[in-house]
Amino acid sequence: MFLYKYYTNINENELIETFFTKLLKSSQKLYKLKLNYQKIIYFIEKVVIKLGGTSMEKPIIQIENLTTSFRIKDHYHAAVDNVSFSVNENEIVAVVGESGCGKSALALSIMQLHSKDRTKMEGAINFKGKNLLPLNEAQLNKVRGKEMGMIFQEPLTALNPLMMVGKQIEENLDYHTKLSKEQKKTRTLELLSQVGIPYPELTYKQYPHELSGGMRQRVMISIAIACNPDLIIADEPTTALDVTIQAQILDLLKSIQQKTQMGIILITHDLSVVAEVADKIVVMYAGQVVETGTVREILKNPLHPYTKSLLHSIPSAITDKSRLHVIEGIVPSIAKMDRVGCRFKERISWIPEEAHEHSPELHEVETGHWVRCTCYQHFHFQDEKGEMITHDIT
Amino acid sequence: MTLLKVEDLKVHFPIRGGFFRTVVDHVRAVDGVSFELEEGETYGLVGESGSGKSTTGKAIVKLNKVTSGKILFEGQDIANYSSRQIKPYRRDIQMIFQDPYSSLNPKKRVLDIIAEPLRNFERHSPGEEKKIIQDYLDKVGLSPDSIYKYPHEFSGGQRQRIGIARSLTLKPKLIIADEPVSALDVSVQAQVLNFLQDLQEEFKLTYLFVGHDLGVIRHMCDRMGVMYRGRLVEEGTSKEIYNNPQHIYTKRLIAAIPDLEPSVREEKAIARQKVSEEYEQSYSKYFDEKGRAYDLKPISTTHRVALP
Amino acid sequence: MKLKGYSKVLSVMAVSALLLAACNDDTEKAGTKSPDKNKPTKEVKQEDAAAFPRTTSNTKEPLEDGHVNYGLVSDTPFEGILNYSFYEGDPDWQVLRIFDEGLLATDEDYVFNQEGAATYELKNDNKTMELTIRDGVKWHDGKPVTGEDLEYAYLVIGNKDYTGVRYDTQMAMIEGMEEYHAGKADKISGIKVEGNKISFTFKEANPSVLTGLWTYPLHKEYLKDVKIKDLVESDKIRKEPIGFGPYKVKKIVQGEAVEYERFDDYWKGKPKAAGVTLKVVNNSIAVKSLQNGDLDLATVNADQMDSAKALGNIEILGNLELAYTYIGFKLGRYDAEKEVSVMDRPKMQNKQLRQAMAYAIDNNIVAEKFYKGLRFAATSVIPTAFPKYHNTEMEGYKFDPEKAKSLLDEAKYVDKDGDGLREDPNGEKFTINFASMTGTDIAEPLSQLYIQQWKDVGLDVQLVDGKLAEFNSFYEMLQTDSEKVDIYQAAWGTGSDPDPSGIWAKGASYNYTRWVNDKNDELLKQGISAKAFDEDYRKDIYNQWQELVHEEVPVIPTLFRYEFEAANKRVTGFDLKFFDWSEIGVTEAEPVK
Amino acid sequence: MWKFILRRVLIMIPQLFILSIIVFAMAKAMPGDALSGKVMDPGISPERIEELRDQMGLNDPMHTQYIRWISNVAQGDFGQSYTHKTKVMNVIEDRVWQTVYLSLFTVIIIYALAIPLGILSGRYNDTWIDKAITGYTYVGFATPTFIFGLIVLFLFGFTLDLFPTGGTVSSKVDEGTFAYFLSKLNHMVLPAFSAALISTVGVVQYLRSEVVDNKLKDYVRTARSKGIPESKVYSRHILRNSFLPIAAFLGYEITGLIGGSIIIETIFSYPGIGQLFVTSISLRDFSVVTALVMLTGFATLLGTLLSDIILSAVDPRIRIE
Amino acid sequence: MGMNVETVTTAPPKEISPSGMKVIWREIRKDRMAMISLVVLGIVLIAVYSAALFIDKDAVARVDVFSIYMDPSSAYWLGTDYGGRDVFKQLIIGTRNSFSISLGITVLTALIGLSAGLIAGYFGGWTDNIIMRVIDFVITLPQMMFIIVLVTIIPKFTVTTFILIMTLFLWTGKARLIRSKVLSERELDYVHASQTLGTPHWKIILYHILPNVSSLIIVNFTLNLAGNIGLETALTFLGFGLPESTPSLGTLIAYATNPEVLEYRWWIWLPASVMILILMLSINFIGQALKRAGDARQRRG
């Protein structure tokens, strides 16, 4: 597995080469070394980890205090507000929340696909040791598609209707590899069969509208993984699909990940999907991370009122017929949001004001399990009268 | 008591083709479906997109033309009624639509939206009308002040509740709910589902619940039918279907439901794999040469499966 | 076919008018049968103060290798029927006359003289006319023009397969022509050919032959292979025409332009210029093209006159046209069965009413203001362009509204209901319906002016259908004696024959007024009797006739007109009346700008 | 594909039939026939006119005339032109090519101007360059073609003396030579530009809104996520999709120009079918008028067909079996 | 670049605001050009229509041989034409006539197009098929030629007949546009809802679908109004326009056919051309603002 990855990742070979040639050549170009310093360190660390076979997790991407603001009528409003988390190799991190919570905005922020003239981004996206935020468009283009792929929700609109499916996959190779025409085609066919398309040769020449929803999503995936990226961002990849197809696509993603060790950021609103595939969960509400932790931890022991409420409102396939939980009110729109205090306050009005923090912080309640605002300690469902659910903090 | 009985319902759409654009074939959207609804129960129709479940629902409210078969409502076959004949039945059979955004006319006030069926069937003074509507708004948990507002001023869940209020004003006996929550967020979905349950109790409603989310169907329905390519492949109580699926398609469908328990994911994946393989192997056993499911055969008093 | 009481005197205003439909009613030359003339024989008396010269003033010697650019002013391409026997539109005629001509030339009064390519002699009590073609008159292919060629023209025109419009009553006057036309004979007995001599014998003597005989030969040898019914479509007429005029056709760009080169063997000697380029130009850009020297010669229309006059590099030449504009009164209808006009419409029957209407309009103002002096008030129905027959004593109806009013009072057309408009003698509302045609810019205000002036004397005149009629509808109304029309404004081209029978005789279908008058018929008959070979006698008859028309006013002649041609100052030898291309040359290599 | 074309052609038959009836009825409804003009020539006797009328069958019952006419038309014979004294097809043949050349040239200019303008305007929407281009389209939209044509004619034709002011070719050059071709082009410059400048408006506006629309499409986002340079995002994705309706427009554009040639040809004394139409209608040469209307109608039908074929060729979503 | 804000707000997708007039007004106020246009158009129309009340139309059409082709002066603000008629007064009446004609054509085509489009789109099937075949056919006709032929055939050619002839050919575009919109509207659930609620078809068409296509109609109406102002100019130029006794902007502009007028007497045709430009541009700007108001994605406010 590892060797395969190593072998195909031309990037790293190049790096070693440049490192040594630059070192040996002239001192005049030493400043260039500085530029690559972080990257080299990252690389060395990676090599060391891999050679040593330690299970110590090393993040592919670290998002630090990322804030993305959109301009609406001359004012900037943060849709992604001070979000930090990281994704390790071979890890699936699910970002969960209702629509309007900023998950998709986050996904597009990482890829920096927002319209530049109406978006403001702050913080850092450290991807393989390099901050992506200050990069210009051309530099970003070397990362996008090559080291970082994206899968979108609606595969029909996300594929160019006038371009043969094969060509759309090849396009990725056009700009990131130096493969010959035949090699590209071979690689594309290989990718198509890798994502479980039964007749790659035929599908290569088909147009998106000629494929079923599931097939299209497979094509999307093959576009995203064409250059063996280290990270894939999947924005609601199964929402538009039937449940059987959803299962297939999720299985496919997992099996690809096993082969390539890539990290996946899975954006979804469906907690049962999360339960199926994710390793870590980031729960977002109103642009903020309100709770994060491992899947097992969060699903077994949800702490934040929002997470709890969400879990209780699922008409689960396992639990029997009973009343579902309802979260009062609606997700505030980013332009109208009150940015002071706990953002979930209004929807749990029966919880006393004092329970909330003045400016809510993330608290680590267990290793790797973080919860925002102290209100979780005092939270109870509205019908569970008065009974405090306290949680001991270790 | 049987409220609705659907017998061998077929809805075919013509496919035009060939040189003269003649009808060369039909899309058999619904191809011989039979089921019954007892008064007061909730019956679920579940299946993939394109399985014909929505078409079946729409055929019952005459939004789709019935090709053949019977739709017996309180014993009367309304399948081929003209729009005039059907009018009295419109009061008794109402529909809740999937998309809360498109199902309310954006140019109308809530008052006019909810009053539309009333105005078609009953005469009320504006004062009475307003009162009736405010009552219904109250029942679906919306403020009576909102009658002068427009749909866009409401959230998706609220809109869906306005749609529900509209369908209630004529005091129907049967409500066809066509994926009423699939466009909503989980939390809002919960709200609407709760309401539907409350209202059923209050108004003694019978629901035909069409959906693709097996969780929701399970949660809502007493009995359910699984549809595949315009045919019912299995019918039974929710418990029977979930715990003891007999048809390979049902099995596959159940296996695909993601589980909230992360610890069982590996087992589930393996199980899914097994069902999938079985599906491939025994496809011909469950479907005839044309890929059509067989007619339903009872395996218990409540449980029927499409087996050869 | 019955011989009708008119001869082929009148020229074809209709044909030229066809092209005016959408644009002009005053531009075109009376085409078909105005034969060319070689040299001006005497000074023409200019009757009007407008006094435009008729010839170019440049007297320098033309350049041997000069090239003339001629602008055919037309809003449409020329159709390309380049033969006298077949063409219909004026533009074709303009193309045609550069390379082909008639055998007889005419004098100032449009009467044949002896200076053309042929000479003639009247014999047999004026019943026979014999033409002798000069030696050395050659077609462009070098073959001599013979009597047979002219005969062939008659054989073609008279043939039942002939598709053109030239077969008319004058043709039918030749002995044996009707039999030939009916297909009963394969020769025309009245035409005898002897080498370069050809003689025509007519059924009766008629002075019109001296103006109206068909003298355009067809190149028999060249054309005889083409069936008569196919002639009009043949390339020999459309693409490679052969004539015997001063220039040969070198190249034709269909509809747009023609390149000519000098015909060295022209019977009158070498033409003055080495070549001519004819180019179709839009009326709206003609003056501009003259200004920048693209054209040496081009017709100038009244609406362009101001800008043309302002140009320093051209000379504007004027010539009286054989035409007059008039206002006609519909007095009856044409009985097609009996083929006579019947004067049975009472409305405009009152002579005093007609006279009053004539007095009420001011033609001088129209001429001066609308036409800027480029036209002048008409006095008679034989235009001044016909010096020999125009009655110079005539003064026409001078603008006199008071007289008009008193005439109307006398005729008992008085205003009884006090609305300022007169009622008819029975006290009924009296509205006169006036038909007029669309044309140049001036058409509409002109008709409005007439209506206003009639209103000033108390007459209610309205445009038929409230608008100017479009050309075809207009003439259809006149021909069918539409009840909608009481009076109308139109124009006649008189042609080169002085005999007015064609539009004035009782039996003439073109007598649109349907005016019937015994004295008129008698005078017309006398005018073309054998006696009328005596010029003074004929002149006297026509003087009397003009006076009769003036007195009875079936029409009010309104305007006489000039045609105008602008010539670049380098052009020499140009005479607008005779338009003799062989004389036209240029004295500078480059046009004056 | 062939089936589709054949079917479309079959559909054209009833359309052509109705068109022919309307056209024929119109021709008959025109005041006067071709001979009423000749009636005014005093040299021709009314008997001769009647004789000619009979000869031409103008006195037959309507349906006989129609059947005769339509069966001739079916064989490409539109009868005789009364003013041109030759077969209508000959007259039209002489002119139609001029109009076709002019239209083609105009189409080339239209697209050569409109495509870059539309792309610029759409790509940089709401910038000054977009505003300038949109401003131009507004003014172009509001300018009467013939005023523009006249001004161009006087400015470039006369005042600056840069281009010829009438005709299709100089009479001084010989057919088949390169000079002849150049002369033809030279004569087409003014009319083609005048026709094009205003016709570009539609294409520019259309293209602009297409580009603006497509810019926001999901697949563009996908393309960006592949790390493709911006210029390629435009050329391979946005523009290709934006050109779709424009390409489909081509068929209509050409036939539209044939109709629009009426004004342009009149202004520039360009002897094509537009000018022929105006002349013929004035002269009541109804066989030419009907032929022209029929043929342009036919051409428009073909244009629609062409548009559909182009569309199906460039858009894989439209399937033609 | 790709994303727009809508994806991150909770605003419902493709909202057409019910308080349409408010949105329209807000949009026009946001757009300076539209605001200026509205003011200019208002002033021009009020001025022209009220001034036309005080102008004696017969006097304007009256020929005065003593004042042919006068230059602009205090008596004749824009000089006179070849009939000695006051150009300025003709401009006033002409503007009124041209605008009224345009309005007439637009209203008529809108009515016909709307009815045809609504019926075809709503009922579909055979009804749709027949209406669409008719529309296809009319679109296939060489319109300019047909209009010219009709103008020549019709004996009394007046403003009314002109409007009718134009309407005959111009309704199809609208019908198509509205049909396609209705087709998509018909598939929306609120129409299905009304059907299941027992609302009759005509009521659904009039009270449900019509209000929802209204923004499209308003926008299209305005843009057409602008387009139709210049409609008769070309015909007048070719000599198939309105008679001079009915002055229009077209008749004034057609004076420019005479090169003398074009070059030396610009005051006859230029003001009319400018007037057309002003009218068309201002209506167009308003129309563009309306278009934005109808399309949430492009709204500025």
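Each chain carries a letter (A, B, C, D and E) given by its place in the written order, and its residues are counted from 1.
One rule holds for everything that comes next: a contact is a pair of C-beta atoms (placed from the backbone, for glycine too) under 8 Å apart; a residue touches a chain by one contact, two chains touch by 3 or more.
Every value quoted in this text rests on a predicted model; they were computed, and no experiment measured them.
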Original post:
Which chain pair is joined by more contacting C-beta pairs, A-D or D-E?
Top reply: D-E
**OP:** Please flag the chain sitting at the greatest distance from subunit E, going by CA centroids.
**Re:** A
Original post:
What whole-number Å value describes the gap between the mean CA coordinates of subunit A and subunit B?
Top reply: 35
Subject >> Whole-Å separation of chain centres (CA-atom averages), subunit C against subunit D >> reply: 39
Original post:
Distance-wise, how many Å sit between the C-alpha centres of subunit A and subunit E, to the nearest whole number?
Top reply: 52
Original post:
Per the centroid of Cα atoms for each chain, what is the distance between subunit B and subunit D, given in Å?
Top reply: 55
Subject >> Residues of subunit B engaged with two or more neighbouring chains >> reply: 155
Subject >> Where subunit E touches two or more other chains at once, by residue number >> reply: 1-4, 10, 152, 155, 239, 257, 259, 263
Subject >> Numbers and ranges of subunit D residues touching at least 2 other chains >> reply: 30-31, 154, 221, 224, 266, 278, 282
**OP:** Going by the contact rule at the top, pick out the subunit E residues touching subunit B in the complex.
**Re:** 10, 12-13, 15-20, 188-190, 192-200, 208, 211-212, 214
Subject >> subunit C - residues contacting subunit E, complex >> reply: 22-23, 284-285, 287-288, 303-304, 306-307, 365-366, 369-370, 438, 441-442, 444-446, 448-449, 452, 465-468, 470, 473
Original post:
Given the complex with subunit E, which residues does subunit D contribute to the contact?
Top reply: 15, 18-19, 22, 26, 29-31, 138-139, 141-147, 150-151, 154, 215-216, 220-221, 224, 255, 258-260, 262-263, 266, 277-278, 281-282, 289, 292-293, 296-297, 299-301, 304
Original post:
Can you list the residues on subunit C that touch subunit D in the complex?
Top reply: 1-2, 4, 6, 8-10, 12-15, 17-19, 21-22, 32, 75-77, 79-81, 86, 88-89, 163-170, 232-233, 238, 251, 253-259, 277, 279-282, 285, 288-289, 291-292, 294, 336, 470-473, 475-476, 479, 502-503, 508-510
Subject >> Complex contacts: residues of subunit E adjacent to subunit C >> reply: 61-63, 65-66, 68, 82-85, 152, 155-158, 239, 243-245, 255, 257-260, 263-264
